[in-house]
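What follows is a set of structures for review.
The two complexes that follow have chain A in common; it is paired with chain B in the first and with chain C in the second.
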Partner chain A sequence: MKFKNFLYIIFLTTYYSFSQENNSSINGDFINNFQSYNDDPLIGAIAPEEKVLNNAYLNVIYTKNNFSIGLRYESYLNALMDFDSEFQGNGIPYRYITYTADGLEVTAGNYYEQFGSGLILRTYEDKGLGIDNAMDGIKLRLNPISGVYLKSFIGRSRTYFNYSEGIIRGVDMEMDINEMLRIENNGSYIFGSSIVSRFQEDNNPKFNLPQNVAAFSNRLNIMHSGFNYYIEYAYKFNDPVGSFSLESNNYAPGKALLSNLSYSKKGIGINIESHWIDHMEFRSERAKEKEFIINYIPTISKQHTYTLLALYPASTQMEGEFGVQADIFYKLKKGSLLGGKYGTKININFSKINAIKNGTSFLNDSLNIRSPFLSYDNDKLYFTDFNIEINKKLDKKTKINFIVSNQKYNKDILEGKTPGEYGTIQSTIGVVDISYKIKKGHTIRIESQALRSKPDPNATKKGDGHWVMLLSEYTISPNWFFSIQDMYNFGNYDQTQRLHYINATFGYIIGSNRFEIGYGKKRAGIFCVGGVCKEVPASNGLNINISSSF
Partner chain B sequence: MKRYLLFTILFFFLSQYIFSQEKLPNISVKNLNGKKVNIQDINNEGSPIVLNFWATWCKPCKLELNTIAEDYEDWQDETGVKIIAVSIDDSRSMSKVAPYINSVGWDYEIYLDPNRDLARSLGVSTVPHTFLLNEKKEIVWEHRGYIPGDEHKLLEKIESLVK
Partner chain C sequence: MKNTFSLIAVFSITILIIFPKCDIVESPYMTSNNNTINDTNSFIKKVLIEDFTGHRCQNCPEAAEEIKSLQSFYEGQIIALAIHPNTTFSIPSPIGSSSYTYDFRTEWGNEIDNIFNISMDGLPAGMVSRSGFNTEHRLGKDEWSNIVLQELSKDPYFGITLNSNYSNNIANISIEIESLSNLSDEYNVVVCLAENNIVNWQKNTNTDLEDYQHNHVLRSIINSTLGESIGSSFQIGQKWNKDYIININDLELYNNNYSINNLLAGNGNCGGWIAENMEIIVYVYNTSNYAIEQVESIPLITETILPNK
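Take a look at the complex of A and B:
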């Protein structure tokens, strides 16, 4: 580590002193999240021994011409409660050097990469979720002839502060037919193909495990006069986990098919998509937990941001699901009867996710039962959401956003509970969000939300019943914001749990710096970004967040 | 190790004052026709460029870009500015970008950055995040987040570049 740091300095100094013209730059960002914790037995919040916890990140990137180096210092003293406690201490787990020369890009060190939609490879970071599966190794990108793009990499994948035992290798090729043949028209035909493989030594005395496990995927994207069609198929070879106690092992392959079709022109847009997934968890080490996943299967439902709409969020079941989703975006014209003076924006969204027939091939391998390709089980619903969003500017000062949604959420499956514990919770949610401009730069916004839920009559437990939420926010552009919100679980079946979760936030923004201080209670629940979810514990306390970029 | 580290970080900070204005990195994004475009190749013939990072699931982002869209023609007439909106929607919602922007009728140049390669290299950790570029495509101003009324501040900054 010492030597590496030294190298960075040498590089920097050399580049600085040798530079003829001053065309280098430095940029980066800093994030600090501090939280204090109080015990609150009512909501089930338990303060950690430390009383206060802090996460911080500092990114620095130095660029000069075609050369870039960067590092991230991370500090978890100790990690916030909604982070895995494996994140602990300080370090520079992310550093890289990249240079580009005549169509070749070379990266040594840490890097993020995605092939296609990510079905067989996606390394990325999401600080909110505590995900960072950056690779450490070598990555190349090459553009040998016009319209052909090659990528290759070799590395070990990060989990917390460690790197996987498995070595991951992969190549990806993308061909843009129009660019290759220099055809100029309004269509576009792009074909892509990739392979990713993991090597891990087999030291299992009982089973003969494959040391190299490969996955491949092919994709095609056709765009023509407003239409866009994308299809990707992925296959993962058998990846038995190995076991010391069981007599059998699992040799089922994984498969995934993903497709979407969209059409749009001025005023209207339509998007329809579907995916079928069977046993597609691809990990950097065999027999490990979810944190070791190196691929990504996008969740096939709308990503809601209003709290109660996202109270029961869908998450991808990478071991098996079939999902469909449709979206219509429409703008009623200005001056029309329903469009009014400014026009009205409408989004209708529907999604439905079911189990695949016979369940995941992983569980059924010993019985030699597979799930037939593209089959699904209509009786086993995981999630469905039908919602309508209407966004309208009423006059120069008032804007309104209205959403109504009907959701069914299979809590047992999506949260990994015992079958029959909660079953499927049905809920109807309404949101009215009104913002009103008081005077130049001063805006008040009121968000009212309600959720009515119906428990599963066949389940042993009931969930938390009805909720309401009220948020009011006052903003003064460009520097200040104040908000206060109350989430009230008025319809909990347990009288003692009919609680208010009040939060107040105060913030100051100046240019690229943002300071935020909040105090309040957070309920225990599922927090998701992009369909990847984590369970967060209940908490009560003060939080101070600083983010800054330079 | 700690000392070297501290030194490196210090050095980086100091260099900020020594080195020149921040330029756009050598990173490719995709346009809505699936073509790779190097972000250094964006062009507005010497007039200012606004580079805005947004996502279809981000309410303040859409509010900001829809608000500016109402006056975009006036902004262009007055200052010659071009707005480039880079979506950080990943493969979950990337296919909704074109249907959404066509339905609302934005006239911005749109790019996709699904694994956040560009966003990461510019220190964008949350959206919206707005950068203002001068005639040499150097970043002269940036702003995190959006609250109603921020568009006036942005316009002021653009105007100060063309004065």
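Take a look at the complex of A and C:
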């Protein structure tokens, strides 16, 4: 508390001292998400005792020359139902001071950091996922010579309103060879290396636990003549959970390899990537649950934005998966036979994720299961998605986007069900999105989606069956928008669940303020961002969202 | 340029400092298999693990294993209570279904869950002597051992002596609670009835087990969920005594009615109680923070030896 008070004093002092000067600025933003809840037994929505819940955030940043100070006030009264109930109450869990002098940037307080792709460290905030694992401590960034970037930090990671018992330390070095040697050509060679280590006392009298658990990663990025190649390898040393059961303490090291090759030139882009992951969850505190994870494995599947395409999203299995993805973008030229007057954009995407051979490596006094490096189990499919997207401007007023996708989704693995419960659900999805400009400032958009599902014949349960969705959106630029959508689960195997999920929304935007009011039903499901997923409960009610910046 | 290289040197040294700070542990990983108690006092500190579980919860057997490991290591010092709160994990199938027809839920289990908000963020989860209320009391099963260690390192405030006389479904339970310190807070006592060795369905990670052994299942609380006061001021050696007479058949019938009349999908299939497998668990807690200061248990039929004790 004393430190917080100290920060407030500094903040107010700097504000009054410098607010009149031209080279200082105060900016920030405000977000308020209000939701009311009604009981709706048909969709499984249960209203909380409070009936209405509210999340709010206010960010304020003061900047003057090389000095910056900021804080975020957070209010959960109480947290929205799709947030963990541990978010409760008000507070200022995020505050920092940063200054830069002669190439050295110093941050005291809270900060976010990512090394490389995040394989051994990624602290970030995502309000949609309810994740904020900001560090609290000291962070240094240094650019000692041209092309060399050094970062180091020490701190504890945030979960909800608390900080981990584990102390996290890390160093990252990145060298841009061209910049260092002042070579000017159309290539670029960047090498990076990181180490992260967690200290937590071993007070388990039964097992010998490592008090300092380290992970390192090395990465290389080569860019040349339209080609871009990125490879990163990470290794985590023994990190048992600290349980009293022999079966729960896994002393095996974690490994991850990520590789990405892309090529692009005008009108065409190709991206091929893969990753192999084994036992790579790294938490800020041993024995804690997944909310304490401080690293990130980038997803290997396309991140769909259309609702039915994202109904069965792939969540990254940090304890073991092998995935490949190919993405091709092509633009048919204007005036060509298929390109038409305005050209046509085509995107073909394929991804496939399987289990690794032998499953996650496991090592204890009685077991030594190793997953051979880069091996995978062809019989254990987690996810596959093959989709084609065609985007075309038909005339000055009409745009159309067409997508067709075929997905296989191992619901048991990806949602943590008992194997054999749902098995692998296959679905074929089609989307047509038409946008028509009626007159200046007035645009109507119609989105039509359908999902045809096939359950696993060997599973004991079926999924939700077929869906259709229709969305209509009317925008009056720059102030108003109205939308209504209906998701209809017409093919549910349970006839009582063949329900409509109707949502109506309208919004008003004025300057930097945005107001949105919606009413409707939300189905229970899985929501993912970049392969990180959370379960969302069903809800029925009114939501009011306000965002503003200054 | 000189400064530049100095700074690089500082970073390099930092790397060198951090890198060796990695402990690579070699087998054998298990260094000790039981805890030796040197305490010669008549009462030793014991802890209560309330394990919130459900027969459809696929990871819950791992929590039961953790309890077994803790009980084996801290012999006689860990008392467990398996609470099946009213969640999707515990809903029974209709009578006549092939599996999961048993209703483990109780009124008291649901009330405890409502007070401490354990199941709302998923199962398995639990509390160790309700330590850390009200922000850090909900613990994942791998967190239990740490709190057990903390709790066992404390001196016991109370000693509990139990006796049970059982005959023809009627039990006379005698409780004597002795203060081992001078205390000024208010404390309550709670008297629970639990049953071991209930063989029934349980989901496990990879399979559905038909003959899973459910242990220390909460069946009833004799003197209400929050118990009753034993006083708010204590001198060393001060004693509190009370006898409770319970009828096992009546308690079983009560749960049956509660299942049918009060619970979602309640089917009343919660009987078949076996007195020989039952135990009395008594705990004393501080009413200001719910912290359980002492816990004790005995078999309902004192001649029997219960499993997992």
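By our rule, the second predicted complex is superposed on the first by the 524 of 550 C-alpha atoms of A that agree within 3 Å, B and C clash if a C-alpha of one lies under 4 Å from a C-alpha of the other, contacts with A are read in each partner's own complex, and residues count from 1 in each chain.
Keep this in mind: a contact is a pair of C-beta atoms (placed from the backbone, for glycine too) under 8 Å apart; a residue touches a chain by one contact, two chains touch by 3 or more.
These numbers were taken from a predicted model, which means no experiment stands behind them.
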Chain A as common anchor, with chain B and chain C clashing or fitting: fit
More chain A residues in contact - chain B or chain C: B
Chain B versus chain C as contact partner of A:I61, first or second or both or neither: first
Chain B versus chain C as contact partner of A:K437, first or second or both or neither: first
First, second, both or neither for A:S336, with chain B first and chain C second: neither
Chain B versus chain C as contact partner of A:T398, first or second or both or neither: neither
First (chain B), second (chain C), both or neither touched by A:S477: first
Partner chain in contact with A:E289 - chain B first, chain C second, else both or neither: second
Least Cα gap, in Å, left between chain B and chain C after the two complexes are fitted on chain A: 19
On chain A, the residue positions that both chain B and chain C contact, one per complex: none
Parts of chain A lying in touch with chain B, wherever the complex brings them together: 1-2, 5-6, 8-9, 12, 16, 22-29, 31, 58-63, 66, 68, 70-71, 73, 92, 100, 112-114, 116-118, 122, 124-125, 127, 149, 176, 179, 188, 190, 221, 223, 226, 228, 230, 260, 262-271, 273, 296, 298-300, 302-305, 327, 329-331, 345, 347, 399, 401, 435, 437, 440-443, 475-478, 481, 509, 511-514, 530-531, 547, 549-550
Parts of chain A lying in touch with chain C, wherever the complex brings them together: 84-86, 103-104, 142, 144-145, 148, 150, 152, 162, 169-171, 173, 195, 197, 199, 203-214, 216, 237-238, 240-249, 251, 286-289, 364-365, 416-419
Residues of chain B that touch chain A when the two form their complex: 1, 4-5, 7-9, 11-12, 15-16, 18-23, 25-26, 33-36, 57-59, 63, 66, 90-93, 95-96, 98-105, 114-117, 120-126, 129, 139, 141-145, 147-150, 152-153
Interface residues, chain C side, partner chain A - complex: 4-5, 7-8, 11, 14-15, 18-19, 21-25, 27-33, 35, 58, 62, 65-66, 68-70, 73, 117, 120-121, 135-136, 140-146, 149, 203, 205-208
